[in-house]
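Mind looking over this structure? Questions follow.
Chain nomenclature is as follows: A, B, C and D, assigned in order of appearance, with residue numbering initiated at 1 for each chain independently.
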Amino acid sequence: MKAKAAMPSGSARGVLVWGLQAFSGVLLVAGIGLHWLAQHLVVEGGLRDYSQVVSYLREPLVLALETSFLVVVTTHALLGLRAILMDLGPTKRVERLLNLGLGLAGIGAVVYGIELTLELVR
Amino acid sequence: MGARGRLDGMNGRVKSAPYVIVIGAGSTGAAIAHDLTQRGIRVEVIDRGGVASGTTGHNQGQLHSGARYAASDPESARECMAENRILRKIMSGGLEWNGGLFVGWTEEHMAYLRTFLDACGTCGIPAREISSTETLRLEPRLNARILAAVEVPDAVFDPYRFCLSFLATAQQAGALLRTFTEVVDLDPSQGRVTVECHRTGKRENLGADLVVNATGPWTGRVAALAGARVDVEASAGVCVTVGERVSNRVLNVLAPPADGDIIVPLRRTSILGTTSWPVADPDGIPVPDDHIEEILDMAESMVPGVRASGLRGVMASARPLLVLPGAGGRAASRKFSCIDHAPEGVDGLISIVGGKTTTARAMAEKAADLVCARFGWTAECRTQDMPLLSPRLGVSL
Amino acid sequence: MWFRAEGSVGRWGFMLHRLTGLALSLYLGVHLVLLNQLRAGPGAWDAFVRLMRSPLILALDALLLGAAAFHGFNGLRLTLLGLGWAVRWQKVMLWASVVLAAACTVWVGARMICG
Amino acid sequence: MPDAGHALALAAPRGLAVSRPVQLHIRRTGRWADYRVEVREGASVLEALEEAWRLDHSLLFRHSCHHGSCGTCGMRINGREALACLTPVAQAARGGRPVRLEPLRNFPLLGDLLVETQQVAAGIEAVGLPIVRDADRPDGHPAEGSPPEQYENCIECGLCVSACPVVGSDRQFTGPAVLAAGGRVAEERRAPDGLAAMTQVSGEHGVWRCHGAFECSEVCPAEVDPAALILGLRGGVFRRSMAGGRK
């Protein structure tokens, strides 16, 4: 591969989408492990009761971690769905709608999650 | 029906470009289609099967320098060399141009060396004697006991793509290609070609000002549909392919042409061949097991271990040999001839008999000259210098 | 269609990756919606937690974990492959993902049953 | 006089050769048809198909070289993409079962086993892959002067395109054959412009849509290993983009 040459044009979106999917995926392998250990395995009976949840979330580090986790997992899931939907060969128009819909869904999920958390720790 | 672009009146003045139907989408038919279209004649190529599904497809793939025929048939040899030079120009980037070696490892081969070199010299074929050490350095898989080798400008072609190159160029210039369309009746004097389209199952009458019969070993059979006669001998041959490329150059035995004396590298395989025996029916030639063994034995003596590469494919097909008095099989000529059937009362039919893929362009030139003469169409052959399109652009339907 | 019950192990790996991905996305949605129960206060949430500790749900949890583990391990494989690395080892890595995922499922399942 | 000997051998009835009865179960346009033929032991599926054709010239299929070099006889044999010429009948009809023949998927069907694969050749031409490449050098073969050349390994048969599950659902996907050619261009010194080829196949419907099912490499009859070329190409494009981004 000729290292000096410029990056192929037209590949920017592909690089971005694939790179983001892979990067978020690798983070998730670590993150899911952590989330799952923290939320379910170290807890007696596998699920925290209400007071445990609230006190857990009041830790600032936990709050930050769980919020980023939500962002990453949502991104990864929606990019995955997008890949499957793109395989159905959408037209340019449908593809734009798809990007818009999935983007909104992602923002919605993250906003919902943050709002819920804030309500609980308040 | 109704012929397209028929002659205007009796005096032969042409109103619009003549319409010619070429039967056969092998190397000859493809090259003729290319030549005629370049001369401004309208062409339709029809074939009962796909492109190169007959003799051409089952080719061993050796693009001759002519060295093989130098001693026995100098005329064919010169023709091969001339075409070899032309194809280097017009099919650039589409062939394996690694050259060929004639290798000798017996006293008999050595005795032939001088004759061979002289004959190549006479025919203008560049032939260079190289030491056994250098030969083995070039082709390490060769029999280590070789005594001498001669390097000649042989090459390798992919028969299917050889045809597609000519067809793609012709198609771009307006030629039509109609495969899976079988001629069932032929009345050239009425300009009528009755075909059965195997895709639709329908019979149809096609009109043409002239029909060119380029069907190789089937030439006699197709001519007979029109009541014409062609003497062509179908000489069957078997090729055996092994799953390894044992050399980069075409390997020939340094001896007069015989069975199983050639190894042609093609992609990651080597094609070993061939044999020769007359057959009555060019369709469905059986593959005799002893031929496979014989070919493998011969190849093994040239390249020890070739057998171990494993059989990949076996094919049998018939070469069309021009019948000349007193010669047959290997002794038969690889010359060709263009026959106008008008003198025997079948007007509007021309048959091409004999020849080989290496000289397909030259055959096409002669055939097209004859076609043009028939119409009083004055157009020079341009195929000697005209680069061919990539075979990938050919639409093989 | 991308899903057909045929083909080589590579194709099965691809299909399994997609199916587990779809299942996990579905779970993510359900999970977020169920967390809404927290708004209803301690009583409702703790009742919900008791419901979630039923054996059937726990078994589903173990399966889900298996799916996540496979998707994760195979995802790492796909990341390597996507960079053009270790392509020759794709089958080995695929089987490794399957084995590791199965091991995770069994381990967690055992923990759940044994308390 | 070997020629005379062969003539005698041929004069013997064909039945004398060891032959094997085969049943071909062929997906023809809109229906299934069965053909019973006899072929020599060691024959390929293609030879059996040609025997069937001798009984019925309306049977549509392509063939040319009979040794896996032209790439025209690709079809699905017992559900799997293969070249008919390289598939022994003995293997396809193991246990005397009928040999099921279907056309390749993901190409326009012209009738019976005949599909139009020209898009593969045209796509490969468009990415600028030369037809010949430097020859693979056997061990101990010194490189000097201009190296020997050989045809590209890819025979443009389309088996990979038929087997790829992504092409199966998305026709906009460039497909494994052309992507692999792009990968070859990127690594091939004879290529006129590797970057142009990479640009052409690195759009959203190009190299990124490969999801690593590896079916292309499983069915490839020419040892091209399209999956490795595609993934290598993607890695190259990705790394190059990352490097470009850091500047």
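Note that in this section contacts are C-beta pairs under 8 Å (C-beta built on N, C-alpha and C of every residue); 3 or more make two chains touch, one makes a residue touch a chain.
All figures in this text were calculated on a predicted structure; none of them were measured in a lab.
Each of A-C and B-D has its own count of C-beta contacts, and the greater count is at B-D.
Centre-to-centre spacing of subunit B and subunit C amounts to 61 Å, using the average Cα coordinate of each chain. Per-chain Cα centroids separate subunit A from subunit B by 63 Å. Subunit A and subunit C have CA centres that are 16 Å apart.
With centres taken as mean Cα positions, subunit D sits 24 Å from subunit B. Residue positions of subunit D touching 2 or more other chains, listed in rising order: 166, 169, 211, 234, 236, 238-239.
Shared interface positions of subunit C, defined as residues touching 2 or more other chains, are 2, 18, 78, 82.
Residues of subunit B in contact with at least two other chains: none.
Pairwise chain contacts present here: A-C, A-D, B-D, C-D [touch as defined].
Residue ranges on subunit D touching subunit A, taken from their complex, read 166, 169-173, 186-187, 194-195, 198-199, 202-204, 206-209, 211, 234, 236-244.
Residues of subunit D that touch subunit C in their complex: 79, 163, 165-166, 168-169, 211-215, 217-218, 227-228, 231-236, 238-239. Interface residues of subunit C, counted against subunit A in their complex, comprise 2, 18, 21-22, 24-25, 28, 32, 35-36, 38-39, 41-42, 45-46, 49, 52-53, 58, 61, 65, 68, 72-73, 75-76, 78-79, 82, 111-112. Touching subunit D in their complex are the following residues of subunit B: 48-53, 56-59, 61, 93-98, 137, 140-141, 158-161, 180, 182, 196, 198-199, 201, 236, 239, 241, 245, 248-249, 258-259, 265-269, 271, 275-279, 283-284, 286-291, 294, 311-315, 328-330, 390-397.
Within the complex formed with subunit C, the subunit A residues making contact are 18, 22, 25-26, 28-29, 32, 36, 41, 45-51, 53, 73-74, 77-78, 80-81, 84, 87, 109, 112-113, 116, 119-120.
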